[in-house]
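You will see two complexes here that share subunit A, one where it goes with subunit B and one where it goes with subunit C.
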Partner chain A sequence: MKQSLRASLKSEIPFFMVVPALVWQVLFFYLPLFFVIYISFTQQENNLFSAHTWENYATFFAWPFARVLLRSFSLAVGTSIICLLAGYPIAYYLARRAERWKNVLLFLLVLPFWTNMLVQVYAWFALLERVGFVNRMLSYVGWISTPLTLLNNSFAIYVVMVYYYLPFMVIPIYAVLEKLQDEYLQASRDLGATPIQTFWRVTLPLSMSGITTGFFLVFIPAFGEFVIPGFMGGHKYMYVGSLISYYYLVARNESMGAAFTVVSGVLLLVGAYMLYRLFVHFTPAERAS
Partner chain B sequence: MRTIRIEHVSKAYNGDRILDDLNLTIPSGQFFALLGPSGSGKTTLLRLIAGFETPDSGRIFIGDKDITQVPINERKVNTVFQQYALFPHMNVFDNVAYGLRVKGLPEKEIEQKVRKILSVVHLEKQMYKSIDQLSGGQKQRVALARAVVNEPDVLLLDEPLAALDLKLRERMLVELVALQDQLKTTFVYVTHDQTEALTVADTMAIMNSDGEIEQVGTPKEIYEFPKSTFVANFVGTTNLFKGTLIIEDEKTLIDVPHVGRFSVTCPTNQPWACNGCKVVLSVRPEKINISKEPLEGFANKLQGIVESIIYYGRSTQYNVRVANDTIVQVFEQNVEHVRTQVIDYEDSVYLYWQTASGVVLNK
Partner chain C sequence: MKALHVCKKALLPFFVGVMYLFLYLPIILLVVLSFNASPYFYAWDGLSLQWYRELFTSTEVWQALQNSLIVAFSAVALSLLCGVLLVFYLKRRYLRKTTLLFYGTLAAPEIVLAVGLLSAFVYFAVPLGLLTLIVGHTLIGLAYVVPMVTSRLQEMDDALLQAAMDLGATRGYALYSVVLPYLMPTIIGAGLLVFIISFDDFVIAFFCAGASAQTLPLYIFSVIRSGATPMINALSTVLLAISSLLVLLFSYFTIKKGGGDYA
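Take a look at the complex of A and B:
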């Protein structure tokens, strides 16, 4: 008995070592979450919370709010899909072709993370404005005569969203492709498959776990993103994140802010779960008899 | 005919020459074993035939067709990989059907062929199991079925039994030979295990550590009549005596310093087999008789002290010191059913062998 206790202490982390993390988690995650949910069921008068009402939630069953949610959702889905289409070839190249330059290229990929996000967003202004780098280059080469409008529209939003979130897609796919054994691909070619057939039948199915991870690493933060669409879109439209920050910081209505946070959080969970089921459906599983 | 001809093939990796001007003909419809120590380039040769590598120079033919530049997927060659390389996201059926599906055969025909080949390798019951539910031997059979279902001209096997335990390996060897008999496909079997090669091969080639083919022949030719000290040493065990050839009128002798003179059969028409040439005599341990009493009727005799005895069950190995720096290995079948060894440590013994039992080799 004594021995088994000692063995269990050796093999597992003792409980007291988990306590600090647990306290941290409760104090700074579960407790605030509880308060947000609680406040969402209150109404605010003179900085006092009066209790228990569904009214905040009733407000959101209106078209303008649904539109904000849909806008954020479509931005998240759009960004994730573009990141996947652009990121997969990059990850493939890094993992299976780059060889000598692999580490340098990986370093370049994560380099932007060393700079503040706002700085990165402002840098894009310099590139995309009417007398910016891109317009100047295009007119210099002679492809355009009048400068293009590259700012304050969805083009600008998507360019910067994809720019910012691309590494989150590339890295998990890279990690899976890097571990993919050459023998599987050789076996496929050996059995008569062309390189393209090998990609669709072996490489892609075996990298689905990386694609799923990458997709949600992009999708979830992109849903709450409001800095990039705000700045690049010229603050024309509300997104989930901007509406929440409006309630808290401008309107100073914390109950409404909390309620909208809960609504969007629940919808994000449901949406992400449904997308996840979709991914599982397309991930080949072992068919047992 | 689908004879494989490898002509003047060279291959280097990062400036390291693996194969240099290699020539080899692999006869059609045979079980051909390629035997060599690890790092001898036998796997490289296999990968060149499969198409995973292209030679730096030289050509490879199957029948009359030059396949040197033919892409992997267009060669009528299939491979059984050492680690099987079964697709982990497919079950047994889909793995075996893979080659037929990428060729676009109708699903009905595919099912027929897959069922048939799975019954040949005794895996009908595992048809819809996933790969990680299979044992090592079953995976091996799936890999085999996945390759042969495509009816290739040539089946390449890269140490396919290396991951299996001894009993299973012996059983799979028998099954492989039976399968080859049935299909009549050319099997090219790469191994570093001489017992495997001797067991399965119709013809075998021995490669040395420099990637050169030392000898091609039937297992019996290779074992009984090795053409070099490398082959004699690598295939089976042998005793090698370095000496000088003495060719007299009616007989040929080899003079081994400090050990003695032995009667040998002289190889004819060999420039290195002249009177006074330095040669090596190879005598297999099982061809030497060991006795405590003097015997009559043998051409060659040696005397020594038993230094160690290794008991193998069906046979016993005696290591006998016959000179200061010379130990001779002798295998004796344990024909007698007795409790104690007749010959013991430190015993003085006589060793005998016939003239024809020795092979004279170029040093």
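Take a look at the complex of A and C:
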């Protein structure tokens, strides 16, 4: 009896080894997500959650909230598009042209991933201030006579958003372009295509998977971003992330915060899905492997 | 015609150069300003180490650093332990699908993760502090450790494990003596990655650390918001140096010995 118990326990050991990670993931990721949905339907008083209600959601059917959602959505789309336009040539250069400098340039591209985001945002103040580096350089060259207002506006927000998210776009596109086989480009050239035709009809379609990955690596976090718009926009505009953190940390109304998180989460999913369909539409059906 | 051709050839490198300048000008300026004797970034008064002196004597910075290190090391240890055990002991045919379970963490915006954790903590009246922060960072850590270790394990020849077991090793001993050494470069790489992600993380800490536990990013945030002192330049420079060192270590362990496309 004792023997068989030990034997059965022994065979169960693998089960116990697997449990911690799974429990952790379910308990602290999937359950909390359900909790957000759950408390979004409650009303809250003094940290007590009660009364199932739709009221929290009813609040958000108002123009100011729609504007916050639209602002975050357009920031996310805008940042992704600019990152794509600026990032594609970089990825192309790294993958196909840079020979000797490739490793150094890749290192420099990956370094921001490992660098504190606040440090990167903070670094821009010295550049964009009224008496900052950019204004001083421009007036030194003689292009401007009065300093430009470069901070606390959407220009500053977009500059720093692109600055921060650019590597997220470049890396996946680089990864695809690097694996692109020279034979395809050769074939295209042999068949009489100009370099520009080759790019539009061969290289670009074949790098769509990298573009799609990069786009969503930028788009999804950019939608929830509140640190960069906060600092660079001078806390003038509300974004989805800033409103959520306002509800949770300042107003201490977790129910309202949760409801707004659900609303913006649904919008993000729908928006991301539509954009994804768009990308699939432009991806060649028969992918060369 | 030839000049035009040269122009066209130089266009791409020129553009890439400008973009790298865009990426690095702020950082270079930051590093230079950290040695500026003047407290104003628009005036240069010569070299000085006074901001570093101020940095290293600030008790608030040391306290925040200590908190950050406690959280980061705990998150690394916990996510590596749970993650490696999961990958090793899970039946092979479930591995692919189980790994998908962990991708969810990275697919959601970080703020959703933070808000989810905070909602659960508030609902169950869990006091916020370093522990709740460790919970959050371990969660993010698992999302990197599990896929990385899985892909490395799948590259391993099953015959190695079979041979160890045939020679009488228990599963535990085979893990320790055969599999673990094989996985080591990836484990170290994943550990470094989780460390820096936890060490740099602001969003989870902002929501889940509470008022009492201040980490380094929270400290930087509060200083920037209340009007930065040039000491932040020095702190940033030190953090940059640490980041560069960790990237080099990471690429040494993963790129040379295999381990995948994790930046």
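In this text, the second predicted complex is superposed on the first by the 265 of 289 C-alpha atoms of A that agree within 3 Å, B and C clash if a C-alpha of one lies under 4 Å from a C-alpha of the other, contacts with A are read in each partner's own complex, and residues count from 1 in each chain.
The rule is short, and it goes like this: a residue touches a chain if its C-beta (ideal position, glycine included) is under 8 Å from a C-beta of that chain, and two chains touch if they have at least 3 such contacts.
As the structure is a prediction and not an experimental result, all values here were calculated from the model.
In the model built by aligning both structures on subunit A, subunit B fits alongside subunit C without clashing. In the superposed pair of complexes, A:41 makes contact with neither subunit B nor subunit C.
In the superposed pair of complexes, A:20 makes contact with subunit C only, with no contact to subunit B.
Of the two partner chains, neither subunit B nor subunit C is touched by A:165.
Of the two partner chains placed around the shared chain by superposition, neither subunit B nor subunit C is touched by A:73.
In the superposition on chain A, A:190 makes contact with subunit B only, not with subunit C. Looking at the shared chain after the overlay, A:131 reaches subunit C, while subunit B stays out of its contact range. Of the two partners subunit B and subunit C, it is C that touches the larger number of subunit A residues. Once the two complexes are laid over each other on the shared chain, residue contacts for A:88 go to neither subunit B nor subunit C.
Of all C-alpha pairs linking subunit B and subunit C after the chain A fit, the shortest spans 13 Å. Considering their complex, residues 13-15, 17-18, 20-22, 24-25, 28-33, 35-36, 39, 47, 49, 86, 89-90, 92-94, 97-98, 105, 107-127, 129, 131-133, 136, 163, 166-167, 171, 175, 220-221, 223-224, 226-227, 231, 241, 244-245, 248-249, 254, 257-258, 261, 265, 268 of subunit A touch subunit C.
Listed in rising order, the residues of subunit A touching subunit B in the complex are 181, 183-184, 186-194, 197, 201-202, 205-206, 284-289. Only residues 12-13, 15-16, 19-20, 22-27, 29-30, 33, 41-42, 81-83, 85-86, 88-91, 98, 101-102, 104-105, 107-113, 115-120, 122-123, 125, 135-136, 138-139, 142, 146, 171-172, 196, 199-200, 202-203, 206-207, 216-217, 220-221, 224, 228, 232, 236, 239-240, 243-244, 246-248, 250-251, 261, 263 of subunit C touch subunit A when the two sit together in their complex. Contact residues on subunit B toward subunit A in their complex (touch as defined above): 50-52, 71-74, 77-79, 81, 83, 85-91, 94, 98-99, 102-103, 127-133, 146-147, 150.
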